[in-house]
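Both complexes shown next keep chain A, but they swap its partner, so chain B is in the first and chain C is in the second.
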Partner chain A sequence: MEDCETRLLKLNAEYEEFAYIVSHDLKAPVRAVNNLAAWLEEDLAGNLPGDSEENFRLLRNRVARLDKMISALLDFSRVARHELEISEIDLSQKIEVLSTSLTTGKNIIIRQSGQVPVFKTYAGKLTYVLQELLQNAILFNDKTQTEILVTLQDETDNIRIVVEDNGPGMAEANLPKIFTMFYTSAPKDTMETTGAGLAIVNKIVTFAGGQIFAENTSGGFRVTVIWPKI
Partner chain B sequence: MNEKLVNILLVEDDEVDIMNVQRAFKKNSITNPLFIAHNGLEALEMLRNQIVPIPQIIILDINMPQMNGIEFLQELRKDENLKHLSVFVMTTSNEDSDKLNAYNLNVAGYILKPLSFEKFITSVATLDSYWKLCERL
Partner chain C sequence: MKLLTKLYLGIGLILLVFSIVTFSYLYQSAKLDHRMDKVQLSSEVLRQSEKMQKSLVDMETGFRGFLIGEDESFLQPYHKGHDEGNRIYKEIMPLLEDTAEIRLLEEIGRIEEDWRDNFSLVVIDAKRKVIKNPKYEADFELALDTLVKTGYGKMKMDLLRRKFEEFDRHHLENKNEQLKLFHQSLEYTRIISSILTVLAIITGIFIAYLLGKTVRKRLTAMINLADQIAKGNFKGHLTDNKKDEMSLLSRSLNTMVDKLNLYFTNLTKANKELDQFAYVVSHDLKAPLRAINNLAEWISEDITDKDPEIMKKLELMRGRVQRMENLINGILAYSKVGRKDIAPETFEVNTLLGNIIDMLAPPSNYQIILPTQPLTLTTQKIMLVQVLSNLIGNSFKYNNKPDGVTVITWREAGSFYEFMVKDNGPGIPEQFHDRIFGVFQTIEARDTRESTGIGLAIVKKIIEEKGGRIRIESKENEFTSFIFTWPR
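Here is the complex of A and B:
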């Protein structure tokens, strides 16, 4: 009879093998296709009909997308296994730093309201969640001036983080899908997103024992994260 | 100055990746002799039987059938005649464990194979400036 520990070790080994396959074995042929296409294009430069040039562009774009999707799959599989360090996080300061890096040189305002004490948690994971939510609010915004409000609230056992934007929101019918892996409302040609971000965020929040929900507001979109204190 | 071009041995099993290195060499106008082994075993045999002139530099893929890159490095470091060779590890993997394994075996550098060929050309240019230094020593 196998005991729990042996089974756990086995599962871990299986996972490591899976991660290895994803990062090496799947990525290698993708890179080969990308290289071969680039070389064909380079060697035929000047002799390609317009249609073929456009097809090469599409080929490169889709291969790059596939590469990103493989990386995202790897990130998704790593949620429960990587970055498990517990450390202190100062949310206001973290949001400030993220805001600066995301808004520099762009017409974007990120405001903060509310204060929560510094607390111990999966700081790396929570940072990823914040970054992803802010990035999404920026990426899908259709206004000349993007406005985002992050509200922090200290509850007894949880920290409530609300990210509201003035973007177009989401068709109500599609709301249930937004936490699904690779679901995106952006056109497939867009390279910035493969639709993995919110799926990974959802997995992280669930892993941490929290909750996440999204809704349309009168002037935009709102995502609420309930993140447990340890 | 009397410069002698250093010999380079590429240990790589993927034909397209071999072409990748050859094209990057061409793009950077690198004319160093480039020898190719398709796995770790073949590379060791080529080195030990001096089928190739002893290269000063080895570019090593990690993920190969028939003795992978890490196993090849372990063998190389155990061999009195070969353990001094400079090895650059080249792989798709961004896994920390692979990096640590490689660094523990005393490698000169670690090159991540990027998706884009342009980025790879830049990496190879960096390598080139390193072995140009070796040629002057």
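Here is the complex of A and C:
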């Protein structure tokens, strides 16, 4: 039994270490390629042959994409190691702040319903989760008027946070995949996402001891987070 | 009921039955003793009655002697016989229980009294007078005529003898009766003792069986469960509806199994997740990497400027892209270990080693010594190739001696073959012995060699997947030995 437990702990550690090492080891050559490409472009400025200009642009685009993916991996591996401070969080206020920063200049309405008391938790992590969920709801929305409703509900041991939008939702078949790393429903070229956000959100919620699930609604998409009170 | 209570009750019951056996045996033997006493008493009574008869004979003899010898001294046995008879009478009387016998003895006493008072003493008195004074001869003659010659004395004596005979016969009958009863009692005691002993044994066996039955079945179930756990099957469960200590144990065992199962499931899940994660990650990272690779290629093809500075940068860039590719391929290979089922093949190890060395292409001056004796193995060939090629490749890749050499040997070790790949390279400092098997661990600076550091991690993963072990023996600047076991 103890052996099992230590092995589990070791395996988890290995997991974290793995992701960390992968991202760290990969970062160096990515940065090097990026730099070298930039220098080459500079050196050859003005006499770039044929499609080279376009190729350089694509190259830097791909490098940036790889860099993003690696950063996401780093974030993912850091979930259990970083931002472990526990502090009070006022959810309504936090959502208010996030809404203001996310809705600038666009046709977006974020509404709130329900009230929960101020409570202590991994405030930084919960903020990340909220931001990611709101960002996704905005990013994938295809309506001229984006509408998001955040419902807060105080349960005995948990806080229930429901984020509903009027977006296109998700094909039922793909629903189980949305929390896996680098999965994204959008074509990889059109969107500036790596598909890591929800994987990290899922890892954070699981780390905090909560649950997360997503479903399609009649007019959009709904993600429910059950976040434990400490 | 609690198991201990049952146990106490069972043993108590057996003890109780045995106590009854002992008690009844004691009771019966006391009864036997009593019977025995009675039989002995009867013998004593008969002996005394014989003595009493003898005393009567003595009296009669003395009496007759006196009449003939006319001397007082002849009367001595007469008196003695009388006293003896009286003594015995008093002795026997309290010993008798039978009323008929008592009546007979009383009669005997009365007749003796009668014979003495009304016959012998009268005759003796008359005789004494004659001895003193012959003039009383007539009186004596009269007494003789009326008492002796009429046969009165003889009649009384005969009566006495008959009474004694009757008494003896009666008493003998009694004695035989007692003896019969004694033997009956003995038989009875034997039967009762035997029956009770058998009963006690049966009760004991029955209780032992009952106790055993309550315990055995459940114990067997527990042993089976423990065996299952030992085999790594954590799905088993015990059902126990009783309410005793063993039920508690069963419940504890069930909890243990559940916990083990949970841990095991978590472990398996975590393991799978890690592999899955590594696979997905490396797979997903490959797409942009491929694009980068292609783009870098196209760019360098398109660039006509042969400026050495630009050429160098292009070269460097492609080198970095290559490195990323190596890294990601390494992760992919690592995550693939144990993912697919590979069919075992039969092959000759030295031939395999030859192929591996050809493939690795060591420097021409580097010497690799193969095992002397041939060995044919049936196993997953690709796995062993991966392990050996990594170890052999490392052995010459890092070798720093001008006369570099790698020696490969094997030996049997129980159900395993133990392989050793030993080189005379720089050695590995002790503090790195654990770390070198980690993912991406390489001792040298990352840019100096084309190594990703994932090779040994894959080697270790493969060997452990096969149930073997790997260890290092090394002395700095002298040698490094990688020793691993591979199942037969």
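Worth pointing out:
Here is the rule we use: the second predicted complex is superposed on the first by the 197 of 230 C-alpha atoms of A that agree within 3 Å, B and C clash if a C-alpha of one lies under 4 Å from a C-alpha of the other, contacts with A are read in each partner's own complex, and residues count from 1 in each chain.
In this text, a residue touches a chain if its C-beta (ideal position, glycine included) is under 8 Å from a C-beta of that chain, and two chains touch if they have at least 3 such contacts.
Everything numeric in this text was worked out from a predicted model, so none of it was measured.
Once chain A of one complex is fitted onto chain A of the other, the partner contacts of A:T104 are absent, as it touches neither chain B nor chain C.
In the superposed pair of complexes, A:S87 makes contact with neither chain B nor chain C. After overlaying the two complexes on the shared chain, residue contacts for A:S218 are found with neither chain B nor chain C.
In the superposition on chain A, A:A38 makes contact with chain B only, not with chain C. Partner contacting the larger number of chain A residues, of chain B and chain C: C. Of the two partner chains, chain B is the only one touched by A:K27; chain C is not.
In the superposition on chain A, no contact is made by A:T144 with either chain B or chain C.
Shared-chain residue A:F56: touches chain C; no touch with chain B. Residues 19, 25, 28, 30, 32, 36, 39, 63 of chain A contact both chain B in one complex and chain C in the other. Those residues of chain A lying in contact with chain B across their complex are 19-20, 23-25, 27-28, 30-32, 34-36, 38-39, 63-64, 67. By the touch rule above, chain B contacts chain A in their complex via residues 14, 16-17, 19-20, 23, 62-63, 91-95, 113, 115-117. Residue ranges of chain A in contact with chain C, taken from their complex: 1, 4-5, 7-8, 11-12, 14-15, 17-19, 21-22, 25-26, 28-30, 32-33, 36-37, 39-40, 43-44, 47, 49-52, 55-56, 58-59, 62-63, 65-66, 69-70, 73, 180-182, 188, 195. Residues of chain C touching chain A in their complex: 256, 259-260, 263-264, 266-267, 270-271, 273-274, 277-278, 280-281, 284-285, 287-289, 291-292, 295-296, 298-299, 302-305, 307, 309-310, 313-314, 316-317, 320-321, 323-324, 327-328, 331, 438-440, 446.
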